[in-house]
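Below you'll find a set of structures to go through.
Shared between the two complexes below is chain A, which has chain B as its partner in the first and chain C in the second.
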Partner chain A sequence: MIEEMGVLGIMGVAFAVMLVVAARKMAVQVDERIEKIREKLPGASCGACGLKGGCDALAEELVKDPSLLSKCRLAGPEEKREIGKILGIEVKEEEKRRLPRVRCTGESKILFDASGERTCSALSDLAGGPLACPYGCLGVGDCVRACPFGALRMEGRLPAVDERRCTGCGLCEQACPRGVIKLLPEDTKVLLLCNSPSSGKEVNASCASGCIKCRICEKSCPVQAIKLEPLPVIDPILCNACGTCVEKCPRKVLKLGVVPPSPIPSPPAPASG
Partner chain B sequence: MENLLGIVIAAIFINNIVLTKFLGLCSFFGISTRVKTAVMMGMAVTFVATCSSLITWLVHRYFLVPFHIEYMRIVAFILVIASFVQLVEITIRKLSPPLYRAFGIYLPLITVNCAILGVTLINVDVERYSFPAAVVNGFATGLGYSLAILMMSGMRERLEISDAPSSFRGLPLAFLTAALLALAFQGFSGMVE
Partner chain C sequence: MLEPGPPASKRYGGAERYESLFIVSSKFSCSMSGFRGGVHPSGLKLTGFKRIEVPPLPPRVVIPLRQHLGAPCDPLVEKGAQVKTGQKIGDSNAPVSAPVHASVSGTVAELSPRRLPTGDRVLSVVIESDGRDEWVRMPPLDPEKASKEELLQRVREAGIVGMGGAGFPTHVKLNPPKKVDTLLINGVECEPYITADHRLMLEEGEKVVEGAKIMARILGVTRVLIAIEDNKPDAIEHMQKLSEGWGEVVKLRTKYPQGDERHLLKAVLGREVPAGGLPLDVGAVVQNVATSKAVHDAVKLGIPLVERVVTVTGAVAEPKNLRVRVGTPFTYLLQQCGGAAGKVGKVVAGGPMMGFAVHEEVPVVKTTGCVLLMEEREVGEEEEGPCIRCGRCVDACPMGLMPTHLVRLVRKKDFEACLQYNLTSCDECGCCAYVCPSKIPIVHVIREGKKGIRRLKK
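Up next, the complex of A and B:
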């Protein structure tokens, strides 16, 4: 009895002393700001900032380079101001929230059946894709799978955005092999529903809708806010959302934008590990 | 002097710690979803198994045996392994932050991995190995664990994209795969005496 207690007790004390000495000698200086910044970051570790280790990595990098703060697309202006305070920098007023817009009507003709493919990127590489339009949405949902917030779902052949859940991180934009999804400011007045820069003849042959570069929008705009280059580009300052172009477009690929509902507050950070 | 090559082959194939002795299953299923993390885990286990075999053998011979308290070996060994892993973690954190980040959660996970305790107990209890044989056995057992988790992760990566019934996806398929692997490893039994 005494022997057991003695031997194990001595071993325990010996190891404890060893660990204490090691911990003292090997202590690593951790910048205490990192922990504070990490608490203010959204904690979704979505990767939109471009750092591999998610929010933990961003917090560590921020201490070294405060300018990285603008890379986080999730943190609201409130949080960014507080992080700026910790870092001792001035945070400029945030730009508007940006939302993914699907620039396709999903009405391209289908050349061949490729329903076995499970990702858009594989489908896009397969003989140029099964669509007659090389710019159209493939409809397999790489963007849906890329979204860490469940803000996208497939509705028919096109993805639909749940604007309340969207944080504007832009991972869907990166996931789309065809550039159909583009992040635009939430108050964009007129949205374009076509992604194809091809000539009107080609678009007409491949798609039931789609921009045919007819320039009717450009000519009809009362404030000359639209320029074709080669798709219609709408000057956000000149445009007064009168809706003339939307009305006049013979292919109905222009749509009036609606200011979406504000996002639901982000859920508590998922436990890491 | 035991046949060290025989010990290596026995530990990797015939008495594979995971697939024959069914030890260390928790991490075997938990960490085997990606090949990259599986390789890291395999390396960490090999390292800790080797060092723990070394230390626990010495502790057993020079602390437990002289005082005739061999029956306390489980408590003593857990103490040794846990302290050792902690020490390694502290050291790596100071000396090599990239390696520390790479090991991440795996090192603490190994502290309570029954594969490690298993191999140290086999060394002193079941096989009663000599000192070099015990260290070699620890190392080879780590290799056996690495082999098993590497094969498992390779298969699970492919299973993940396979067209399996939804009720089989994930862990059920992993259990079935592990069972088939274990059956396959039974084929090695009796190769070395």
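Up next, the complex of A and C:
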């Protein structure tokens, strides 16, 4: 009896020593900050930062390169400041919230009924695309499928943005093969509803609306905030949102922006699939 | 299967009854379609017995400045210039490119981007024909006396490109950086409907053979094989007579896509082109019969590539083989064939397997072998169903890929995995989509995958 206890006791002590040595020698250095940062990140793993592993991957990369913090489009200014504290960097004042804007009226003529893979990206290459306008929205909804927050849906031939759900991650902008969706600051005063740099003649032939580069907006602007290059570009500082250009535009492709409602406080769980 | 190895009687313990299965004569061999996969669509060669016709010249032609793989040409003429048939109107300094020539005499009416049959928009020269068809020719060369460099230069100057469909500049292909031992002339024409090469071999076989001799001299090879499928017995017989004594006709069992040079090499020589490689990696160069004829014309007659045989077929009033000038609009071809019969669903440039549906006016280019009209009831779109993992596409794929898996990966946007599964080896022959019972547009999805991989590499 005592013998057995002695043998087991000695074995126990021996294994304990081995475990302690092994634990010391083979210990993996984990940066404690990673866990803390991970807690502060939004946790939606939307992929907008461009990393494959979602928020976990971003937390690991942030420790190595704190400048990546600006890549996260979801974290609010409060969270970013706290993450900055953990990393020991100064977080600059948060830029304005950006929202996707659809720069198309969806009125291009349809040349043919495309068959095959039903994604915008695939149809865009099919003999130049089924639309007469090579820059217009194809209306198949790659952007809708790309949105992890369910903030986009198709309404007729164009996607519509639910501004309360949008987090400004920019995945829709990346998904659009034609660059129709663009993220713009939320308080953009005048929005443009056309993406075609083609000449007026070509736009006229392909689309019922669409910017024909007539320069009326440029000439009519009382504060000279509009320049055509080749689409109208509106200087956000000079523009005073008087609405003259919107009124004068013969094709009605300019629209006054309204300040949208603020987002739903906590980011909703990402849509599955 | 040209070199059968040890006699079957030795391998199979003298069992005589196996002999007919394994032994093939080396002189006139009937290869057992030695490449994997493939499909057997109906031939539908409506125009196989119709002589090539030459319609009157079109009133205006549209000549794109890129009709080949490679860099586009810069225009050498301006709007309003007078040009003659055969005059060079576009050229480029890029190593992989081929010049283009005016195909009628007349006035340059316009220089503007126009749609190619493949869907790209390319700067094109529009020529208003004066109806006189005045030619400028290059001086003829004697293929026996001219040096290889002279011959190569002539092939380049004549703007000759692979006329089977890919349009790779022929002078580049005829100047391989590696040693080659075989020239394979491709008269397979495996796509349904198309008969342009078939008729060319029957009616101008001599020129095809002469062209092959010139190309063999440029390449410095002695072994020349002409591959023809057994659905063209008349062409096989004719080419055999013509090639007596210097070349060999290989009769192949009909199977699609045997006309693809990779599969053709596997079927004829048993050589497998490595993934991402070229035929010259296995010591062979493959040239289409129409290309061969164009080489003959360029060298012996001094005529650049300004015309080709096009099969106009399908739902037209009278299907025909037409010899037309490059740049002839499709509508003009259809007029020559009595217009459409029935309600047109699709106009396809090329064959039904690999062709491109066109939706606006496009011209015949150097690579256009067929214009196919499909009736509306033939092209009715079928609803795509879910993949049932039947694996028919895997069986059919001649490249040994797994289309079913590739489709899943592309739709998941996992392009790195696509690369690992060799998506880039796909040559878009369409066998997978042809056999798919769920009507999944596999080729279209795979093309998306290629786009994704290109983005990945950037």
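In this text, the second predicted complex is superposed on the first by the 238 of 273 C-alpha atoms of A that agree within 3 Å, B and C clash if a C-alpha of one lies under 4 Å from a C-alpha of the other, contacts with A are read in each partner's own complex, and residues count from 1 in each chain.
The criterion applied here is as follows: contacts are C-beta pairs under 8 Å (C-beta built on N, C-alpha and C of every residue); 3 or more make two chains touch, one makes a residue touch a chain.
Everything numeric here is computed off the predicted structure, so don't read it as measured data.
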Subject >> Touching partner for A:11 - first (chain B), second (chain C), both, neither >> reply: first
Original post:
For A:117, is the partner it touches chain B (first), chain C (second), both, or none of the two (neither)?
Top reply: second
Original post:
According to the contact criterion defined above, which of chain B and chain C contacts more residues of chain A?
Top reply: B
Original post:
Now for A:128: first (chain B), second (chain C), both, or neither, which partner does it touch?
Top reply: second
**OP:** State whether A:20 touches chain B only (first), chain C only (second), both chains, or neither.
**Re:** neither
Original post:
In their shared complex, at which residues does chain A touch chain C?
Top reply: 111-113, 115-117, 119, 121-122, 125-128
Original post:
Touching chain A in the complex: which residues of chain B?
Top reply: 59, 63-64, 67-69, 72, 75-76, 79-80, 83, 86-87, 90-91, 93-95, 97, 101, 105, 161
Original post:
Which residues, counting only chain C, touch chain A once they are in their complex?
Top reply: 115, 118-121, 356-360, 381, 441, 444-445, 447-448, 451
Subject >> Touching residues on chain A, where the partner in the complex is chain B >> reply: 3-4, 6-8, 11-12, 15-16, 18-19, 22-23, 25-28, 53, 118, 273
